[in-house]
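There's a structure below that I have some questions on.
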Amino acid sequence: MTRTLALCAAAALAAAASVPQAVAQSKPPAVERDATTEEFEKFRVVLEADNPAELFEAKGEELWKTARGPKNASLERCDLGLGPGVVKGAYVQLPRYFADTGKVMDAEQRIVHCMVTLQGFDAATLAKQPFSTETRTPDPVAITTFVAGQSRGLKIAPSQAHPQERATYALGREIFFYRAGGYDFSCASCHGEDGKRIRTQQLPNFTRPDEAIRSYQGWPGYRMTGGVMHTLQWRLWDCFRQQRFPEPGYVSDSLTALLTYLAVNSKGQVYKGPGIKR
Amino acid sequence: MGDPMKIRTKLEGDVLDVRVLMAHPMETGQRKDGAGNVVPLHFIQTISAQLNGKPVFQADTSQAISRNPVFGFKVKGAKAGDRLSITWTDNKGDKRTDEVTIPTA
Amino acid sequence: MTEPSRRTALKRTGAVAATAFAAGLLRPAEALADWNRSAFESKTVADALRNLKVASPADTKDIVIRAPDIAENGAVVPIEIQSNLAGTKSIVVLIDKNPFPYAASFDFAQGALPYVALRVKMGETSNVRVVAATADGKFHAAVKEVKVTIGGCGG
Amino acid sequence: MKRFAALLLVATAPAVVPPPAAADDPRAAAVASLQRDFKPRGAVTMNVLVEDGVQAICNRTDDKPPKEIAQRLEQDQLAAIRWPPDGKLLGDWKAGEQIAQSGRGMTWSDPAGSPGGGSCYNCHRIGPQETSFGTIGPSLFQFGRIRGNGADVQRYVFGKIYNAKAYSLCSQMPRFGHVGALSEQQIRDLVALLLDPASPVNK
């Protein structure tokens, strides 16, 4: 092996990401941001101040309050964890354990559950085209946006009191670090280090509390590409696509586990409400 | 026609800061849908804002305005209780007007 | 609309309209009939300005354009424009490299300040060009470059 | 996709972590969860969720495999590289730039059989004209200018793109040639992008 080759290999080794498996305990140093990221963040404030997501929040509120579906019922009896009909503050406490289903559920999963049980909608039909397009915003997306908006300014506070909530977190953590697929990627390949970018997009390090909030912050998000509203269900779905994994099931338990991992890592941070994304 | 606008106002002294969000696809006529068909040009062409019935701010716009448009403008000489109405019209003849009363600060 | 529109009102003030207003920035008559198709369908900045009847705008530092140096997404580029020129009646926004550069025009009256915030689509890195018409019939211009880049995984 | 390393896994995995009872194995639970909730789509099958030997070692050691195991597996990966029979490693840098720009390939939305890209700019700075580049990997700007383009460097770059794990076992870089994401010619073109003196990378 020549000297040049050895140097290259050393550089490659140094560049290989090391994935910390533990969430940092002490306050980690601030993540360095480059000039491009600084510029994006400056104008993100402008974009967030007047966010078309509000149009979808309004739509979702109307859907929540209107009697619809085969059972002609509104969602005002839907229990998001704080009692039937309580929307304020529910989003930041999800995912959580629900005794009636015997499992941990995330916001959209629970909303779909309510649409099926209270309004009589068909789960399989809702799962058929669950994501927004330029011409169609699925009802659960608008409703989730409304529900999320009702937690604006509140701290992320998912419960870890129930053994199933802790088990779900542990499962989510395993999924986060699991490398597989054609490209050998795990979630951590892109989201396990500080201050990294894909192209010009800042990649939050979801293993740090101050960065993990960025997985929650901004979602549901008004996506500038296409001008459509997306929830975390879409975000994870498209992440797995780019991870070269098979297609995750909509509102499936694996996604809830991952969302639990992200939510618990974001605990204590303030949720700013539906956001705006690239 | 169309979904309601979101109109937000903030009175700073006698200057009214207005922000308006409009639900509109603002199709450029260049985009193709999932089936590969070109989506026809569909965009807001004019916007007019009136304060107590008097025109204050008017815009002519093209398809270069982003989808679900956001505009901001400022009017001097406004006060709480004034009525602000905003109307848009698009190239298909659709039209929508929304009105708010400026709240007491 | 119960009261006459401002544009109709402006048309009646014939003498004043003869200068800036005849220049096409402030159009007479009803809005839709008014929408300047030839300017909006112009494919170059020069053609658009000609069709808007903007004559030799002078560069100025008194139009403040706040837009990102590098846009996160060309589909939504936030632009804030403030004219500090006395007697600013209207503002035109052009995106030099867009297929149709003329993006919008804004008219201010009855206490409206010469300020506007808008969001535009930009196909590629380009100058954002702002032309203001003042009551003295003169035109003033300022530009700001906005870089448009590829953002995500590109797949 | 070739999963030749499965044998290696049998040979080496027990030396690292003895397989625990499935019930309290969180990784096994995670895999079971993924197998239950995910569906094959397009060209992506459920098989890709099954770790190969390299993935298994990296997953079990937080990407920090013991040195001797890493070296052994790296040697095996290196030995599996298919070098061009004609020995030509330098292709067309212009074609390489296009491949470096493209982030397509091996997702469920990529049509099977269509040529993929290298996603290189997603993680690396490369050519000076492209300002939209990622920082997950090191900058490759001036790569050939700094290192020259001798036979050994060409061989290293070809090998690294073909199978990054042959040089650093738990590297985050995909094994583009090994898994068939890039063809021999595409890798040659990328080698040229990095090493050709005429490439903008080396200007």
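Per-chain numbering from 1; labels A, B, C and D assigned in written order.
Going forward, a contact is a pair of C-beta atoms (placed from the backbone, for glycine too) under 8 Å apart; a residue touches a chain by one contact, two chains touch by 3 or more.
None of these values were measured; they are calculated from a predicted model.
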Chain pair showing more contacts of the two, A-D and B-C: A-D
Centroid distance [mean C-alpha coordinates] between chain D and chain A, Å: 28
Taking each chain's centre as the mean of its CA atoms, chain B sits from chain D at a distance in Å of 50
Where the centres are mean C-alpha positions, what is the separation of chain B from chain C, in Å? 16
Distance between the centres, which are taken as Cα means, of chain C and chain A, whole angstrom: 39
Show the residues in chain B shared as contacts by 2 or more other chains, in ascending order. 19, 66-67, 70, 72
By the touch rule stated above, which residues of chain C touch at least two different other chains? 70, 75-76, 80, 117, 119, 149-155
What residues in chain A touch two or more of the other chains? 36, 50, 198-201, 224, 226-227, 242
Each pair of chains that touches is included here, namely A-B, A-C, A-D, B-C, C-D
Across the complex, what residues on chain C touch chain D? 70, 147, 149-155
Residue set of chain D touching chain A in the complex reads 1, 26-27, 29-31, 33-34, 36-41, 44-46, 48-51, 54-55, 58-59, 62-64, 103, 106-109, 121-123, 131-138, 147-148, 150, 152-153, 155-156, 160, 164-165, 167-168, 170-175, 179, 181
Which stretch or stretches of chain A touch chain B in the complex? 49-52, 54-55, 58-59, 133-135, 222, 224, 226-227
Could you list, by residue number, the parts of chain A that touch chain D in their complex? 2, 4-5, 7-9, 11-21, 34, 36, 170-171, 173-175, 177-186, 189-190, 193, 195-201, 203, 240-242, 244-249, 252-255, 257
Would you tell me which residues of chain B are touching chain A in their complex? 3-4, 6, 8, 19, 21, 23, 25-26, 31, 33-34, 39, 66-68, 70, 72
